[in-house]
Amino acid sequence: MFLKIMFVLSALLTLGGAFLTASSKNLMHACVYLLACLFGVAGLYATLGADFLAAAQLVVYAGGVVILMLFAIMLTGGVQEFVNKFGLDKTPSMGSGKTYTIAGLSMIVTAFIVMKILAPVFKTPAQTDLPAFTSTVEKLGVLLVTDHVLAFEISSILLLGALVGAAVISRPRRGK
Amino acid sequence: MALNYLASISHYVPELILCLTMAGLILIESAYDRGVKGSAKGMMYWGAYLGLLCSFVYLFKALGTEPLQIFTRSIVIDSFGTLAKMIMVLGTAGAIFLGRQSLDIYEEVKSEFVILTIGVLIGGMLLVSANNMLLFYIGIETLSILSYVMASLKKNDERSSEAGLKYSLYGGVTAGLMLFGMSHIFGVLGTIQFTEIIPAMAALTKAQALVLMPAFLLFFVGIGYKIACVPFHMWSPDVYEGSPLPVTNFFSIVPKIAGIVAFVRVTNTFFGGDASIVRETWVVLLMIASALTMTVGNVAAIGQRSVKRMLAYSSISHAGVMMLGVLVIDDLGARAILFYAVTYLFMTLAAFFITSFVQDHYGNDHFERFNGLMKKHPLMSIVMVIVMFSLAGLPPLSGFVAKFNILAAVVSKKYYVLAVIAALNSVVSLYYYMKVVRLMVFKDAESDEPVKGFIFSNQVVITVIALPVLLLGVFWEKLIVIAGGAKIFLQ
Amino acid sequence: MISLNGYLIISFCLFLAGMTVMIARKNIIAILLGVELILNAAALNFAAYTRFVNQNLDGHVMSLFIIVIAAAEAAVGLAIVIRFFQIKETIHIDDATELQS
Amino acid sequence: MDYTISSVAPIVLLPFFAFVINAFLARKGGKATIAAVFLSCAAIAGSSVYAFRIFKDFVWGNYATNYHIHKFFTWFDLNGGGQEFTVNMGIYIDNMAAVMLLMVTVVATMIHIFSTYYMKDDMHYGRNGRFFVYMSLFTSAMLGLVLSDNLFSVFIFWELMGFCSYSLIGFYYEKEKTGNANVKAFMTTRVGDVFFLLGIVAIWTAIGSVGFVDIYNAVDSGLFTSTKVLGMPLATFAGLCIFMGTIGKSAQFPLNVWLPDAMNGPTPCSALIHAATMVAAGVYLSLRIYPLLEVGELTTFVAYIGGITAFGAATIALVQTDFKAVLAFSTISQLGYMVLGVGVGSYNAAFMHLITHAIFKACLFLSAGSVIHSLHDHHTHQHVQEMPRMGGLRHKMKYTWIAMWCCTLAIAGIPFFSGFVSKDRILGDALVAATHNPVMAVPAALGFLGALLTAFYMCRMMFLAFHGEPRDKEVYDHTHEEKLSWNRNAPLLFLSIFTLGVWFSGSLTGQGLVKVADYKNGKYEWFQTLIEAPKKGNFENYKREAFGNTDSRVKDSFEMTKYDKQHGLSEAEYHHVHKWHVIGAIASIIIAFSGVFIAAMMYLWKKWDPGFWVKTFNRYYRTLQNKYYMDELYIKGMIQGMLLPFNNLLAKLDMGIYDRFVVDGSAVATKFVMKIANWFDNLFVDTIMVDGTGASVKFFNLVLRTFQSGKIQFYFIMIILVLFGYILAL
Amino acid sequence: MSGHSNLLSWILWMPIIGVLGTLLIPRTKETMIRVWSLLNTVITMALTAVLYMKFDQTLPGMQQALTEKYAWIKQFNIFYHLAVDGISLPMILLTALLFFICILSSWTVKKQVKAYFALLLFLQSTVFGVFMAMDFFLFYVYWEVMLIPMFFLIGIWGGENREYAAVKFFLYTFFGSILMLVGMVALYFVTGQGVDSFNILALSGGKFTNTTVEIFGMVLPFAKIFFVALFIGFAIKVPVFPFHTWLPHAHVQAPTAISVILAGVLLKMGTYGFLRIAFPIFPSASVYFADAIAWLGLINVIYGAFCAMAQNDVKKLVAYSSVSHMGFVMLGLAAMTVQGMNGAVLQMFNHGTSTAMMFLLIGILYERSHHRWIVRPDGTKGFGGLYTQLPKYSIVFIIAMFASMGLPGLSGFISEALIFLGIYSKFTTITVLAVIGLLLGAAYLLWMFKRMFFGEVIEECKSYTDMNAREIFYMTPLCIAVIVFGVYPAPLLNMMKASVGKLVSLLATF
């Protein structure tokens, strides 16, 4: 029951957050809604028994990415002629009726595509006897240093590269 | 044979060397102040070359050994991948050499360029040898994320940063789509391990198999984007144009070859089994995609004013040709692709080298800048002529042999119409390649000013790069034997 | 109620929302938000399939890496956006049309 | 005497070697050219010796015997790889060829000799030499044609003669109009030639050979009627095609337009090529393929062609004022008679007319050359060819006058001259044919009318040129008195000897009367006996034999009455034929004399005013009254007289309408078509199809550029749409 | 199986030695380069003469004694396989002769002499390669490589519109050959990738009569589909209508020597391709398409002639006449009879000599006049009275012209007559129509001759000098060839008849 309530709440949070992210007129608001959405997803992870994932979702996304986004929004708010004090011109850059119409039409098509995948999945009978929840942290930890050790290690290269890259890009040009 | 943990490391030396190289380069880069940059530069480059050389040597040693899966089957080391890696290593070395020369990379980011290329190379090597979806994804992201940076490496240049922007946005979307597809594949097949897919698919009912198709399609978006296959190519002309020239050169070699080779592996993994209905449909899709890729790339290349952009488009069409090798889903195709990749590497390198020299000296790389190059720089022009004709697929140059191999692979499956389309495309491609030749040889120069940067060492390098283009057209047996020996490991 | 289908529908909605954002929004940062949504949809799928279909924890690992890499990608993406903003003084996506045939 | 290659081949090879050597010598000028000229003459004289030897054997040595030398050698073969095909060339001499050989060599010799006179001061020596180069080549080609044993080699020599004709008509290449004339000549004959080639190909394919003997045998075995080509029997098709060659070469209607223009060449070349030999080769060819024409039921057609040509050309000749033009048209007309002879089945008469005509026409042309060469206009430094500027020349050039009169009488068909003998037979046979087949009445009538006109215009020419008073005093005064010289008069006189009928017939008068006098003894009718149409059953003895050293002559002796037996004539029919021959002979004598008489009345005695006729038939022109001052006016009157409705119509049809609208018109049409073709080539194929491919590629490129808008979100939408498309396609 | 003699290789690589030598000589020593090239072609000619001596004329098919076969790419069973038979030998001889003459006629080339002669010699080697290669792959390689020197030779040393012509030539022929490539690869797989999969000789003989191929669900006969592919490839080279439009451009713009090579040798490669590859490999399809080939040939003959007549540029006129004459070759091929085929091969040789003469003569004239207008676009005469001004030239011109229009006694006649003889038995209507081509052929040449050579010498022609000794020297062999093979074609026919007969026998069984 708790699980169900949690699922419903998380789902509502997720979907609501997602919807508002997509529809909000204010970028800052959208970003906050995204945060809500990500929280919701974390909740969903929890209902799936993916405790480690939920935690990681909270830490990395809520704590990292969204904050990064917010910084970026702030950083890009410096030019007054185009934008308001948050750097956000509410209407034009957040999309207009026209763009939403196009997006809506595209989404119908997208939905068709995805439904093509999902429809047979939906038809398959649901598994009734789900295993009980166990902590995945341990198992994941083992997996990460056994089966997926390389992925675990080599992603450092990715991160290192991303670090260097981000640094290179955002570093002001020397000598100026 | 599958190895676990540390036992695997001895088979993973090339990548590790590169990782170390990258780390070392970062250290060198950060250790030196800008005052003593000069000597640090040399060190950086020599370090990079050394790392690449060691990697290459190890790869070479690994060539022809028994395929094995390492790191608990997450990586497969087979000759196919190894050869592809060697090609990529060479490509990276070439790109680094060009990056050092080029004025298109600002002096202060040259070291980062080197670091990033090696990073991308590692990503590419990962992609090439990935044996599960996770590493595949990590590989593709490593390739992509570092590429975004490279594309916008020309700071303060709005085109360059726009290129990076577009690249990253497009890459984000396609990565999302690919993951979405992957997740469903995972859901249906219950595994992320490539080697387990064939048995898992064999157990599927037809209905389930049909579920997979759209998911595969989404998966394909991710790879298709990486190899710039039509219709997921749209980012590439913009990015190629906006990026600095050495970066474009690099993009059209390493990520592309990595993508194609990974694509071969994936396709063979998924469809290498029985000739199910899934496979037939998939092949048809690929046929359309590859035919479109070739045609669009070629046709778009015709109207270009800039040689770089022309080469970018032509690289799209070459990707299309290589996809022909993918869709035959057998060893013949794999062999043809490897051969093609080798020749493509040399041809592209040489072409971009020369374009770079011209661009650096004359300010831009429009076709007119090539006017009368023959009189000013016979060697450069002759190399360019050879390369252009080779790209178009004229014997006795290696480009022809490569195309011949691809055609052979296609025809062996009796896809005659496709073969004809491919053949006709090479006629179209000849048109714009010939344009360069025509301008260089037939036209008079705008100015008698010679290209300054074309010093002796560059001449040597260009000659060395062009020689395989020439020689592989005649003495290609060795290479075809090697490529033919490089079998894909499936199970 | 708590079934595979429910999760799939949620992820589907997330995906659609993400795509909508990516197409409808003209603000580049907003578009990046969309990317996050899509990635989350995929990650959620992995977790859901692991739970309901095959209990293969590889799915969780996938999700984990998706989260991690998404962060890295976001970091680089934002860096590029900011660089773009510094140069062009706009983050309107339609201003990024310098490159076209 | 044995006939080996060495006794036959020199006939052709001597002039040919002369040609080869002269080709290098002639242009050197000076003594080399003189040597070249001498070499040419010597060569042809040498071949005439060889030819005479053959002739002697055939005609004199073994009287009343059919001789055939028939040898071959393989020119090339295509045997190999399981395929067989051999092309044999050979020599085939029968009585006809023997006679022809002698005629060609003798006439050619005379003309060569005359040419040394005519060409001597015409131009500098280099050019003179060039003339002899072509003459030698021509002679060898003509002799080769006569010796040929198959149509293919006939064609080869035929074309070579065409080439020589082309070159000699264009001899004065600095004149623009020679260029027009020789192209016209070559092209017009070429029309016939390509059909000739087609006919050869058709026969070759059908019977595997084009040897005359094989053709005759095939005709015997009915192969020509059983094989069908394009819906008609092979004989008809092939006969028609080959006869087209005759039409072209012999300037028959409707391909007769080139011959008058061909007179732009030097006069000796006109004599040799465009009067005596080459044009006659067409008739010779149609005689050779006579069985085909017969089996193919083409004789009526041939007769009509001949009749129309004979009469039409004669009417045109009436009004010509150019000396050579009259002769040119008379040549066409006489060739028409020969073809008429072929058409009415008068095989030997047609051939006889060929021979007689060759001799007297060569003589006529040489005489004309002699006249023209002597007449100089000192203002323009040109030779005078116009008859209105002549007159009274008999005083100045006696020998020419005599020779020319002999020939004129011969051509006019006056008894005791050769022309009568041959032409009368043709006309007689035409009459006989007309009695059998009323359709033939038209050619016969045309023939008789033509004979009248021939006598008239030839005599008119003679009277105008040689008789009366000189009309252009200045020219007359400047003309030197003719002196007897070996290279000017000797050939003329020599040839004119052979205009006598006695050479050709046992009787002096010809066929009709000789039967009355001595019909039992047809012995003196050597022509009639020896020359006969190839007929069924005659050819089993005609064996082809490779060259060796043996004499492979076949001798067929036959009895005196073979001619009649061969024709299978019954007694009644024989009398019928004979009756009409006599009638024909008498009619033609009357006609010839009346022609001469009318001409004499008009121009010699000037009893009848030609102006009267002009007045009668043309009310637009004043009657020409004064005969004594008629020099210019007379000609003008005559020209206006051309407006006589029928002549006018014919002349217009020939030179005006036909030439302009059919020949030039076809040139215009050809130009139009080729403009269209060119336009099509440039615009359609090149621009639309080839460059159009480029254009479509460019268009596609434009479409692609539109897609490549640079807007990233558009790219996203594209991804979705493409995926959608793929999903739909799945 | 290795060869007993390396003569063919020597001939093939001798020009390459020439190229290397040329490259070694300093740029400034132009005469030395010329002499070296000339020497090289003389040696090559001598070698081909030796080849002719060694050639056994009685053997149908390949000369075993001269065959060379070494493995090149074992993986694909590609061999370095050279051989000659009666069809290729005349072409090889012609090539050797024409290149010798072209080197001589190029003596006056002033621009980039070194590159010019190097490319010319390189071209010679590739042409030899095409005529000698018996491995389909090798053949294809040479076939394509030939385009490269040709492209530069037209593009650099050509007339004012040379680039367009070079590009057009290149693209057109490349288009054709690429289809051939597909056909070649298809053959390789249909034969099962065996040792003989690229062996032209082993492929031939109609092995694919019953093979089928499925395209878009339609089951089609393999032979017909790929015959069409090969046909287009070869037809462009010939060129057969409607693939002919590259030819006038290429001919007109190319420098003299290149026009000569183009008309004299390269066009023959197309018909040689039919004889060597398309017909023997797909005899059933060839027989099936014979009608179409014949009609195309007929269109070539008539259409080329009409177009030729409309030209005011004398070189273009001759170029179109090549279209017309190659139409005769196509007719002969379509006949598939012993006469037609032999005629076609003979015509290939004869057209090579006579058209080469025409182009050389036009080149000689062009060196004096620097234009080629018979009638200029503004209506004035471009030439006039050349007969008076240039007597020697005129005589050679007459020989060339009459050889070209097929005057008996000169070379064109025998071949055309044989072709007619061959085609008549199969296509009577076409024969009847094709004779019009003969007529037109004479018409445009004579008309051209009349306009250029007759009449008064026009003012600008008065400065022209007659042919000099060098020009006479290199025209002489062609004159001799034209006359000798016109009078006595047996030496040529003896060479080819066995091989051609074999092909005809093969075709006759289908």
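Labels A, B, C, D and E are assigned to the chains in the order they are written; within every chain, residues are numbered from 1.
Just so we're on the same page, a residue touches a chain if its C-beta (ideal position, glycine included) is under 8 Å from a C-beta of that chain, and two chains touch if they have at least 3 such contacts.
Predicted model only: the values in this text are computed from it and were never measured.
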Chain labels contacting chain C and also chain D: A, B
Chain C to chain E, fewest steps along touching chains: 2
Furthest chain, CA centroid comparison against chain E: A
Remotest chain, chain C as reference, centres from CA atoms: D
A-B compared against D-E, more contacting pairs: D-E
Innermost chain, where centres are averages of C-alpha coordinates: E
Computed distance of Cα centres, chain E from chain A, in Å: 70
Chain centre separation in whole Å, for chain C relative to chain B (CA means): 26
Between chain E and chain B, distance of the C-alpha-averaged centres to the nearest whole Å: 43
Between chain C and chain A, distance of the C-alpha-averaged centres to the nearest whole Å: 6
Chain C, residues touching no fewer than two other chains: 15, 18-19, 22-23, 32, 43, 48, 53, 58, 61, 65, 69, 72-73, 76, 80-81, 83, 93, 96, 98-101
Chain D residues counted as touching two or more neighbouring chains: 704-705, 708, 710, 712-713, 716-717, 720, 723, 727, 730
Contact pairs between chains, per stated definition: A-B, A-C, A-D, B-C, B-D, B-E, C-D, D-E
Footprint of chain B on chain A - complex, ascending: 113-114, 116-117, 120-121, 146-151, 154-155, 157-158, 160-162, 164-166, 168-169, 173-175
Complex contacts: residues of chain B adjacent to chain D: 165-166, 169-170, 173-174, 177, 210, 213-214, 217-218, 221, 231-232, 234-235, 237-238, 281, 284-285, 288, 296, 299-300, 302-303, 428, 431
Chain D-touching residues of chain C, taken from the complex the two chains share: 19, 22-23, 93-94, 96-101
Chain A - residues contacting chain D, complex: 99, 102, 106, 109-110, 112-113, 116
Interface residues, chain D side, partner chain A - complex: 713, 716-717, 720-721, 723-724, 727, 730
